[in-house]
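Mind looking over this structure? Questions follow.
Which chain is which? They are A, B, C and D, in the order written, and residues in each are numbered from 1.
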Amino acid sequence: MKLLYFSWLKQKIGTGEEDITLPGDVATVGALVDWLKGRGPGYAEALADLSVVRFAVNQDFAGLDHGLADGDEVAFFPPVTGGLW
Amino acid sequence: MIRVQSEDFDVGAEMAAMSGNNIGALASFVGLVRGGEGGGAIGAMTLEHYPGMTEKKLAEIEAEARSRWPLEDCLVIHRYGRLEPGERIVLVVTASSHRQAALEACAFLIDWLKTSAPFWKYEEREAGGEWVAARAEDGRAAKKWAAKK
Amino acid sequence: MIRVQSEDFDVGAEMAAMSGNNIGALASFVGLVRGGEGGGAIGAMTLEHYPGMTEKKLAEIEAEARSRWPLEDCLVIHRYGRLEPGERIVLVVTASSHRQAALEACAFLIDWLKTSAPFWKYEEREAGGEWVAARAEDGRAAKKWAAKK
Amino acid sequence: MKLLYFSWLKQKIGTGEEDITLPGDVATVGALVDWLKGRGPGYAEALADLSVVRFAVNQDFAGLDHGLADGDEVAFFPPVTGGLW
């Protein structure tokens, strides 16, 4: 499974992209978030306040209860900035 | 057509390239990096995006505009990467036989791009750079189109 | 600025020449001679105007737009003379720090130009040319702005 | 006084511009129209239906009761075409 991090999530986690093998008991985006938070302080900090984090599964917006399968592309990013010009 | 690119674009050339058998009206909008207000020095910014998803979302909104208005042609270009004050960020061109369709579709796309285009902005400041948080108040203009649907 | 001319104009160059300290939004509109609908051959047309009065009326409407919206810059170019299908007739460019001001001022000017610009149209037809009568229904779009005043 | 004719008025009258001396008893646009209609069939035809003729004095729209002075520029034209594109 490919994981992507953008903006300050990438900065805090220290990488923009990584490949993982989805653990057997991680079936949703929410469960994946919990599992990632246990991987280190950067993840824990980046994912501490989920009100400022958005998720996409296979390039479509997804909620915490969205189901996952190995081979999915899951992305984590802040709300879009808006007002760029 | 949509394009997500780091290079600048040529507004005149893009407008001239719009194709259709019965174009009577061409509306366009260019969004630029604003200069400083009140003389305050503003540094450059960097736009990050999600390659693949950004193109997908832009293509969806273009299809939405084409379904709502009788457009002969439609183009959206959005840049990413480092941009300095005065540089072009985004271009929308809409072509129709009627001015109202061209103007409304252009305004619709611009409102969406301003509020919902999947880009994240990193601002260069004197004390170091900073990721800019989302602007909650920007959602209103995009919502008005939902009500009109 | 307003210009009444027989020559074509360069949309990209005109947009690039807009000046202001804090331009974040550039809206433009180009009106073109429509091609034939349904395959009917449409000939060229000739636009006649009243030199002096046309410039005066265009300058008045530009001043009106500048008084209603916070524009950094504003340009209206209208051509006269013989024009073939596909040729550009009119250009409006509005520059502002805000997209809403640029878009609305552009639409306001376009509605006025479409309905009230002092030009008379002579159409070339197979059976000889003909002066085209005024279109009464065009007044509505311009009137909506009067109500908003 | 300079008189200007546009569009089909120019066609019917046969000229786009002429200089005249304003007769002493012609004090308004309406009186000028009546005086012009007596100058020939082209004028009479062009000015037969005033509902499709507009007037300008010194490049401002004017009505039939608008006053005239020698030296004024008076123009006659149809309503603007509109819908050019």
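Throughout what follows, contacts are C-beta pairs under 8 Å (C-beta built on N, C-alpha and C of every residue); 3 or more make two chains touch, one makes a residue touch a chain.
Not measured: the values here are computed from a predicted model.
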| item | value |
| --- | --- |
| Of A-C and C-D, pair with higher C-beta contact tally | C-D |
| Between subunit A and subunit B, centroid-to-centroid distance (C-alpha), Å | 26 |
| Geometric centre distance via CA averages, subunit C-subunit B, whole Å | 24 |
| Euclidean distance of C-alpha centroids - subunit A vs subunit C, Å | 50 |
| Residue numbers of subunit C (touch at least two other chains) | 24-25, 31-34, 99, 114 |
| Residue list for subunit A, restricted to those that touch at least two other chains | 85 |
| Overall pattern in which the protein chains touch one another (line/ring/star/complete/other) | other |
| Interchain pairs in contact, sorted by label | A-B, A-C, B-C, B-D, C-D |
| Contacting residues of subunit B [partner subunit D, same complex] | 24-25, 99 |
| Residue ranges of subunit C touching subunit B (in the complex, touch as defined) | 10-13, 15-16, 21-37, 86, 97, 99-100, 102-103, 106-107, 110-111, 114, 141 |
| Complex contact set, residues of subunit B against subunit A | 31-34, 45, 47-48, 50, 52-53, 56, 89-90, 114-122, 131-135, 138 |
| Touching residues on subunit A, where the partner in the complex is subunit B | 4, 6-8, 11, 52, 56, 59-60, 75, 77-85 |
| Contacting residues of subunit A [partner subunit C, same complex] | 85 |
